[in-house]
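Chain naming follows the written order as A, B, C and D, and within any one chain the residues start at number 1.
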Amino acid sequence: MHGSGEYVKGKNYTASELMAITTCKEFKDWEVAFVGIGIPLVAGILAKRLHAPNLIIVYESGSIGPEKLRVDFNVGDSSAADGALCLTSEWHVFGDLQCGYYDIGVLGGAQIDRYGNLNTTAIFGEGDYHRPKVRLPGSGGGNDIGSSVGRVVIMMRLEKHRFVEKVDFITTPGFLDGSPGARKRVGLLGGGPAAVVTSKGVFRFRPETGEMYLHTIYPGVDVEEIRQSVGWDLIVSEDLKVVADPFDTELSALRSADPANLILGGAESRKHLSGYDQFVDLTLKHAVK
Amino acid sequence: MHGSGEYVKGKNYTASELMAITTCKEFKDWEVAFVGIGIPLVAGILAKRLHAPNLIIVYESGSIGPEKLRVDFNVGDSSAADGALCLTSEWHVFGDLQCGYYDIGVLGGAQIDRYGNLNTTAIFGEGDYHRPKVRLPGSGGGNDIGSSVGRVVIMMRLEKHRFVEKVDFITTPGFLDGSPGARKRVGLLGGGPAAVVTSKGVFRFRPETGEMYLHTIYPGVDVEEIRQSVGWDLIVSEDLKVVADPFDTELSALRSADPANLILGGAESRKHLSGYDQFVDLTLKHAVK
Amino acid sequence: MVNEVAKGGDSLSSSSKANKLMTLKEAVSSYVKDGSSITFGGFIGRDCLAAVHEIIRQGVKDLLVIDDSKTDVIDMLVGAGCVRRWEGAYAGYGSIGLANNVRRAVERGIPFSVEMEDWSNAAVSMRFLAGGLNLPFMATRSMLGSDMIKYNSRIKVIDDPYSGTPVALVPAARPDVAIIHAQKADPMGNAQIWGFTGNDENKARAAKHTIITCEEIITTEQVRSQGNLTLIPFYCVDAVVQVPYACFPQSCYGYYAYDVLFCGDYHEMSKTREGFLSWLDRFVYGCKDHAEYCRQVGWKRLESMTRLERQFNRI
Amino acid sequence: MVNEVAKGGDSLSSSSKANKLMTLKEAVSSYVKDGSSITFGGFIGRDCLAAVHEIIRQGVKDLLVIDDSKTDVIDMLVGAGCVRRWEGAYAGYGSIGLANNVRRAVERGIPFSVEMEDWSNAAVSMRFLAGGLNLPFMATRSMLGSDMIKYNSRIKVIDDPYSGTPVALVPAARPDVAIIHAQKADPMGNAQIWGFTGNDENKARAAKHTIITCEEIITTEQVRSQGNLTLIPFYCVDAVVQVPYACFPQSCYGYYAYDVLFCGDYHEMSKTREGFLSWLDRFVYGCKDHAEYCRQVGWKRLESMTRLERQFNRI
């Protein structure tokens, strides 16, 4: 088994794997993609290996267009620079983002509301910003991507404590209060959220209201199950479709993009490795040259 | 004969040569010098070859610490980059200037007043800024150097139309109106003018009033002759000294720093060259490797 | 470029994204129009003179040139009647003298009067930095106390909201076109530059369209082998043109030295309007393209400048 | 650094200007004091962990860390009780998880409460760009509409005086110390960096004192042979220290890959305060210097990461 958690019932893939494969289809060939670390990046690598070989991936550390020979665990791994077209500074990459050179960004988050506003700063719980229940990492480049990139794809596991009526802290603005022109009014340049890829289906946004609606569901998932996992009265597409099962070629490409299963599998997978030698061997064996 | 114009009467050097050698003594070893093109640069190269081998010369084009193997005719000649410690951008170099990393700058000008304010933009004559008698090149980096460098050395031929009561246009501020704290009040960071090296002597500035005074004169020059060349009532040092004649070693180092005499000699010297082959040969012959 | 329309390919097909190669004639006629605002890479060294000649040949009018320090670029364009306005810091000939055509235009309106807006080099640098970041303005501590502020209302002196001390603001520069000469570029438009880099990284980003000219075309694989030297990434670039000796008589680091004598001859000729026009006839109108210009200059002369440069700098 | 006092040598003798080599212990004790503000180069990759260990060993207190994105650097310093305040964008472990020590400090005041001031990475980048230019502030189009503005009064939203549209201002960052790891540096302090460069060029310029650590010391002649790779010129630098494997378990482009398993083990250990303290005992307090840390990690393990990296990147 590859990926986090169990296989989806009766299937040969995990929910994380389906999320990665679904996200990968959001990238188009020749686009420039600003991708955060973790599953979003694996989705980007996968797109390059499947339908979008000329996808240009950009890292906030200052790497533009690496070949993606191996997976990264942080945006600052040396792997992020492998064979890059341009190795430059962080501030230049953010400037280029602000100029509108980047088409798509993929973000994760801990909380999201119906307008696609994201929280990656803190879960307040009984506390507040200064003494929260859970201190999260903060914006990183997430706010910047969400502010200025052409369109944003969000990846989050669908869980009720994540899909909330009101996020504790808007780290990365989506459509704010959903009022027409809300983003432009505060001075934001980018297009805002285009999709939320979850562990149970994909949400998109109504252009008029900036509100998220359920667009497609995964095989075997019930709409009611999704409604129960969302903290507001969810709009469901009248033309709701079911995502197809991934092809074996897609699954094997995905698994070789994260050969030690450390991204999709997380901490558990580390325990299955005998040591750094096996990690080195796996990386070299699956490196695309 | 080397240098512009005739030898100083009874001497084996021209006034330009003495200006260059006098200026060169303003540089100290290990200083970082932001030097304009023309005679100021020759003075910098000379300093490196004489008493200040570790002088770091910086060019606004983005070259820091070249070896100065050959002379430059523009700040953007490839020669400005020969063996540089750091080849970077123009904006970085100006940022470093603004940070205070540069000790000394050397500038020329078309007009100067008693407070060291410089004009390199336009001589108005009967006209004005928009339709001047003589349109000069403009600030270039001169204003920036004069605004932010540690101390400024100015090189100008001493002529009455240049040393004026009021410059037509303040391109590069000296001590402005000479009032205490005038530079700081407008927001300037650098130390302002330290010396004006002319074709007849050297002027320095009174710290209290920001006013230029005659500090030293060249051999054979009469103080009255200098007074006549200045458009205001000139203060003369009570302890006025005469600059010594340059040593032969200084003169020969100077002449080899500008082997075709194109900087010190100007347009006239070009006519003495048989062609580009001779220019290439002279450059290579005198290159310091 | 501003946020609405990404360049370097949004409207291009995939094959044009991979290959932006074209001729200089095509690149200039596609992007340099009457009334365009324009900037040039380099810093009186690595300026693309070949593009200037082509712009003159195509008879482009009413250009707004926004630049830091320029020599031949601005003097020739002004003399040929292509320029309506200059926003810049320096238009002159260094140790050779003043810019004769600029003088005639400003002082006497020959061939046309040219508006001059004066900035310092650091100010222009900040204008392009702002443009390249798509920010509306940058602060600078230059020009304070100078008469540039008196005659240029777009320099705004404000009190810094953090410390209360005065600082000048300058607006972003976002010209329609940037023409930047690199030593090497690949067909996608990744441009690698050696030697000082002026404001080129920001000019390329700030401009709505960027033309890269270069001495040599390299493969994208070669670009990848030293990505730290890519100053300008492909997505800022619309056209790639190979033009060897494009900067002559100026220098191109690692390729050829400055021909100060050639430049001096131009300067002598351009002292009179007639002299300048006959120079134009010989070296611009009389040459249908850059290769003919090279022939007119003489390949032996060009190669001498390469021989000289390579004694000092090799890439 | 601000204008009054130039660093990188004003108070130094000529011989110290030519040679700034010292040990890491000397460099840290000279420039990192209780209460200092500090930043680190790199971007969760090329961060100088060896300096972090030395700061912890020297028992420095009350640091103000100003940085973009950090992993081990901030988590270890916070856990060891060295930090009073964080002004930054990201403190976490990427795909591994959250920063356990940061969580304990912020959520429960263990070992001390740490003030958090949130910015985005672009905002921090602009703060260092302003600092490196000695400007009071920079504008940015990030953070608008977010709650960072609500909780951080130093982000000032103004109407751009040129267009009237809203834009955010952020103040310059000018920390007391920057510690930046380069692949190569000469004894004068010219630092050459390969791979992405983060905000290092600006951090080095903005800081009052800059310590360069490096994998290899090269001669100034070698620096001159490829000046385009000098990201940080000597005049920004106060100390040069050779520290091979200084970034382990993080990567150093061209030298060693990221050891995700080592970092994962740390993350597991640091889930409890006791686990973290025993990790500190073993790898920091138990090692008198970085060479002992390398021995503790195991040279074979370090060399494996070099072997892995060199399959992909060589300098």
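Following the convention adopted for this analysis, a contact is a pair of C-beta atoms (placed from the backbone, for glycine too) under 8 Å apart; a residue touches a chain by one contact, two chains touch by 3 or more.
All values derive from a computational prediction rather than experimental measurement.
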Practice item. Sort the other chains by how far their Cα centres are from that of chain B and give me the top one. Key: A
Study note, to complete from the structure: Cα centre of chain A to Cα centre of chain B, whole Å, reads 58
Check your understanding: Rounded to the nearest whole Å, what is the centre-to-centre distance of chain B and chain C, using the mean of the C-alpha atoms as each centre?
Key -> 27
Practice item. Report, in whole Å, the distance between the mean C-alpha point of chain B and the mean C-alpha point of chain D. Key: 41
Practice item. Send over the residues of chain D in touch with two or more other chains. Key: 134-135, 140-141, 165, 167, 194-195, 201, 228
Check your understanding: At which residue positions does chain A touch at least two other chains?
Key -> 63, 81, 83-84, 87-88, 98, 148, 189
Point to revise | Pairs of chains, among all present, that meet the touch criterion | key: A-C, A-D, B-C, B-D, C-D
Study note, to complete from the structure: Residue set of chain C touching chain A in the complex reads 1-6, 8-9, 14, 17-18, 132-135, 188, 190, 201, 205, 220, 223-225, 227-228, 230, 233-236
Revision key, fill the gap. Touching chain B in the complex, chain C uses residues 42-47, 68-69, 71, 88-92, 94-99, 102-103, 106-107, 116, 118-123, 125-126, 128-129, 140-148, 151, 157, 165-168, 194-202, 250-254, 256-264, 267-268, 301, 304-305, 307-309, 311-313
Review point. What residues on chain B touch chain C, complex-wise?
Key: 37-39, 59-63, 69-70, 73-84, 87-91, 94, 97-98, 121-122, 127, 129-144, 147-148, 169-173, 176, 182-183, 186-189, 262-263, 266-267, 270, 273, 275-277, 279-280, 283-284, 287
Review point. Which bits of chain A are touching chain C when the two form their complex?
Key: 29-30, 32, 54, 56, 63-65, 67, 81, 83-88, 92, 95-96, 98-101, 103, 148, 150, 189-190
Review point. Along chain D, where are the residues that touch chain C in the complex?
Key: 130, 134-141, 154, 156, 158, 160-163, 165, 167, 169, 171-172, 193-195, 228-229
